[in-house]
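In the two assemblies presented below, chain A is common to both, partnered first by chain B and then by chain C.
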Partner chain A sequence: MSVSMTGMFDLAVGPFIEFGFMRRALVACLALALCSGPMGVLLVLRRMSLVGDAMAHALLPGAAVGFMFAGFSLGAMSAGSFVAAMLVALGAGAVVRLTPQREDASFAAFYLIALAAGVMIISLHGSSVDLMHVLFGAILAVDDAALLLVACVASVVLAVLALIYRPLVVECCDPEFLRALGGRGGLYHLLFLGLLVATLVSGFQALGTLMGVGLMMLPAVSARFWARSVGGMASVAALMAFVSGYAGLLGSYYADLPSGPAIVLVAGGFYLFSLVLGRHEGILGSRMRRHLHKES
Partner chain B sequence: MNMPVRFLLRLGAALLACFCLLPARAADAPLKVVASFSILADMVRAVGGDAVSVSMLVGPDGDAHVFEPRPADARRVAGADLVVVNGLDFEGWMTRLIRSAGYRGKVVVASRGVTPRRMAEAHDHAHGPAGQAAHGSVDPHAWQDLANGMVYVENLRAALVEARPAQAGAINARAAAYAAQLREMDAFVRETLARVPLAQRRVITSHDAFGYFGAAYGLELLSPQGRSTESEASAADVARLIRQMKAHQVRAVFVENISNPRMVERIAREGGGVVGGRLYSDALSADPVADSYLKMFRHNATVLAGAMLAR
Partner chain C sequence: MSNAITLENVTVAYRRHPALHHLSGAFASGSLSAVVGPNGAGKSSLLNAITGAVPLSGGRITLAPELRETVAYLPQRSAIDRQFPLRVDELVQLGAWRQSGAFRGVTRALREAAAEALARVGLEGFGARLIGELSAGQFQRLLFARLLLQDARLILLDEPFNAVDERTVRDMLMLVQRWHGEGRTVIAVLHDLAQVRAHFPQALLLAREPIAWGETRTVLGADNLGRARMLSMAWDEAAPMCGRAA
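Our next item is the complex of A and B:
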């Protein structure tokens, strides 16, 4: 028994003890999970699930310009992508204010322009391999600077979220309330978009723009099946995101899978599991509970 | 004979002369050659000299594995007198480009006659089941062996002479001189690497385009990624490599100009090695470090030897 226990322990922890790059990847996943989970939940609650995806694409031209000027420089690419995504967010916001167009429509328009501009810049400048690294990232190649960036962003995002938590949540449930507050509501919204972009930028350093959104949205959508309160959902989402990262890394280690997609696919597995067996409104889960209630 | 008849005769003679001269004029204009990538373009230029005007599809520092042709490329191919490709499945996109451009001229396969190598077995697992891996995993980077480079030169020489028989003498002379330069460079590379003890001639590079180089010059190459830069390395790949580095005490790790440098740096750091600098494999450099086929070899050999001796 104890032999199989240590065997299990070795399987589950061994790779992280033996290899520094596995530890780094795991820590990056933890930091990402801590900020992506709550951000994803708030996006879902604000009915902005697809905005995360749109913003992730909007990072591309900024990252490309950063790459053009400084090569594979973390600082330049992060700053560039942050600026580009904020421009898209502000542009979409301005369109909503100035025209009757809805926010999702203007986000779609702006992110498509940004995406095309990004692909254009990258293919004019260099090879499309660079593009692959931007889109899919390399969590196994996380270095000190990237780890520091991810950790800092996670801390800042969590701190700011704590400060503006109440108005954000209230606005999710009752948009009229903050509108009554006047301009402050818009300010919170803008701050929230800023946090979203920061989270995505840090995620793109580790997982790439496409996979980073996966780690943000899939656990958030799944969390709804397990918790009712916003805080509960955020905790479940963060936990799921971290476990996805851990399990994806192990899968990548033992089954020889590319790590980014492995992590996101584990998160996808959590989603399907929650969909079927989730406590709240899961296809089977809620029925089973009702059944149990009747019996007891 | 009256005047008008004589005039007409003269006019006829002049016209005849013009017609005779026309093809000669065309032969004087440089042969428009389109090469698929920078290294081939450099070789064509060296052999063809002023008899050719060379343009390339994948420029310096570009990656021919993932090249996406643009309309301007199709136009260039359509207007070419001669198209030069590497072959060995290096330019998968070329057949389609030639067809869509409507080019009907000759396509010279520069690698014709070289003995193709298979890709290293250690990476075949990344390309699916064993049967699939064995099929179609020919290593296209044949130019990384200067002996093959001489085969390329001979193929190019024959093709250019056939296209411009009038300039055969000059082309042959240039080809011979260039081949001599390649032979000299071959000796230089061997000499440079011979300074490294045999047990230390082991490096890691982020793109295993150096299979021919390793086989020709006695260098063992380990690599974290498969043949194509498209595949993402798994944690297992990276772990294997770090273990390998530690076990064999490999200290030199190389970043290629077209792969993710952060990954290599991570592996080097963790395996207790150094990042050795840039090697050029699939493309020449835009800056003068390795902007010709010959300079590429001089640069690669010097950098490789330097890093392996750095321990």
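Our next item is the complex of A and C:
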């Protein structure tokens, strides 16, 4: 290996060899990417891109209540945020069933209430540092317990997603068909929201409630420019999310940047790149291929 | 002949206004019927009531026991998200939902049956395309292929030939005829009266209330059609509550 190659290798891998916290952060990114990618793709396909954001805000009061009772305990805050976000999901779902209100409108209403309640609780009982931590996470402070939680949640989310994949896809692309067959579309929708909340909760220690959505949505939106099947998009999204995590961590290490925003900004860079050069319907990518066509 | 579907005094109302008003009668087992009538006559509501998608405001619908598990329904302006990145063969394979269900695997036999259904509607070799790449006519053919795979004893079609080219209509009508020949019960909501006269032995003329039901030739007589037009009445906000026994 030449000197410059060795140098590159050291730059790219060195921090992860040297520091445990970087290693744990990287593994957390891998686990998060594996479940966030597919979840984000399904959210986009279900036209629920903004619901992820709404749910992320809805975690806040739960995390705050957990913080109030147990201090900075990951378990308590995670449990609290899971409950709070599920309440918002169920509340919005109930409104959709009982009134002609649309789902996005009811999600907006409920998450805003939850967000205000969360900010209120935190400002009454904590400092603004805690608030920042909840909103934006601290991936470099991920300890073994947090890592275990992220890995477990990611595994469960992926397994359940694989199990309910078919009804989920059908419920999304042809709901009337599923209903005519007596399939319980509502049940799968609810399960899916549960998985969404679980994913967001698992990302919350590492990336915070807000940045976690970035790692979920940006790669998912970008993936559509590169893959045509649901499976392909999920793979691209997971890969992109992981590379974003890796590059973001390196960037934050060398340039002394906050890691969460660095990771999400790399994902944002991928998005802009895909938007312009994406193979399928990218602004320039598809123009460059326009003159190519097959015989039949 | 036994009845596939028996309707007793069926009423479907949206915000208390009846879309379908006191309909009684029966679709014979193995019959091929067209449901016709002016816009807003309750044709789609009737199909939705049969599938159970809309609740009845009154009356009762009874399906013959052997049909209950095997109803295939092709909705109007299919609610399928055509931008969804689903492949043509994947969509057709959903027709075998009763075998594969939500969780079981797609067997080789099922894959072959799906390919055969595609071939029968003239979409051979289209399996690997995305559903968004098909034209309106091809897409309707695709939905018929899925119906083929569903292998249902009762088939409900809501305006299956809207915005579809002539040749596709002809091909799909041949499938409908074959279903009829196989003894399946087929009910189609249609607009084209000439088509109904040519291909559908039975007809139900609706204008919220049933105008006529029976042999197509008799049902589609001039006096009945005139009455139907008259009866496709305006939505009257001040209409009194209906006093007829439910």
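Assume the second predicted complex is superposed on the first by the 286 of 296 C-alpha atoms of A that agree within 3 Å, B and C clash if a C-alpha of one lies under 4 Å from a C-alpha of the other, contacts with A are read in each partner's own complex, and residues count from 1 in each chain.
The definition used in the following text is that a contact is a pair of C-beta atoms (placed from the backbone, for glycine too) under 8 Å apart; a residue touches a chain by one contact, two chains touch by 3 or more.
Keep in mind it's a predicted model, so treat the numbers as computed, not measured.
S.K.: On chain A, do chain B and chain C fit together or clash when superposed?
M.R.: After superposition on chain A, chain B vs chain C: fit, no clash.
S.K.: According to the stated criteria, A:Val230 is in contact with first (chain B), second (chain C), both, or neither; which is it?
M.R.: Only chain C is touched by A:Val230; chain B is not.
S.K.: Taking the superposition on A as described, I'd like to know which of chain B and chain C A:Asp10 touches: first, second, both or neither.
M.R.: After superposition on chain A, A:Asp10 lies in contact with neither partner.
S.K.: Quick one: angle from chain B through chain A to chain C, Cα centres, nearest 10°?
M.R.: If I round to tens, I get 140 degrees.
S.K.: Could you figure out whether chain B or chain C reaches more residues of chain A?
M.R.: The larger set of chain A residues in touch belongs to B.
S.K.: Applying the touch criterion given at the start, work out whether A:Phe19 contacts chain B, chain C, both or neither, answering first, second, both or neither.
M.R.: In the superposition, A:Phe19 contacts chain B only.
S.K.: First (chain B), second (chain C), both or neither: which does A:Arg166 touch?
M.R.: second
S.K.: In the superposed arrangement, does A:Leu45 touch chain B (first), chain C (second), both or neither?
M.R.: second
S.K.: After the superposition, pull out the minimum Cα separation from chain B to chain C in whole angstrom, please.
M.R.: In this superposition, no C-alpha atom of chain B lies closer than 39 Å to one of chain C.
S.K.: Shared contact residues on chain A for chain B and chain C?
M.R.: On chain A, no residue contacts both chain B in one structure and chain C in the other.
S.K.: If we count contacts the way the header does, which residues on chain B are in touch with chain A in the complex?
M.R.: Answer in residue numbers: 61-63, 65-68, 125-126, 229-239, 242, 258-263, 265-267, 270.
S.K.: With touch defined as at the start, can you tell me which chain A residues reach chain C in the complex?
M.R.: Touching chain C from chain A are residues 45, 163-164, 166-167, 169-170, 172-177, 179-181, 183, 224, 228-230, 233.
S.K.: Using the touch definition from the top, list the residues of chain A that touch chain B in their complex.
M.R.: So the residues of chain A touching chain B come out as 15, 18-22, 25, 72, 123, 126-129, 132-133, 136, 138, 140-143, 146, 249, 252-262.
S.K.: Where on chain C does chain A make contact in their complex?
M.R.: Contact set of chain C toward chain A: 51, 53, 71-73, 75, 78-81, 84-87, 91, 94, 97-98, 100, 102-103, 130.
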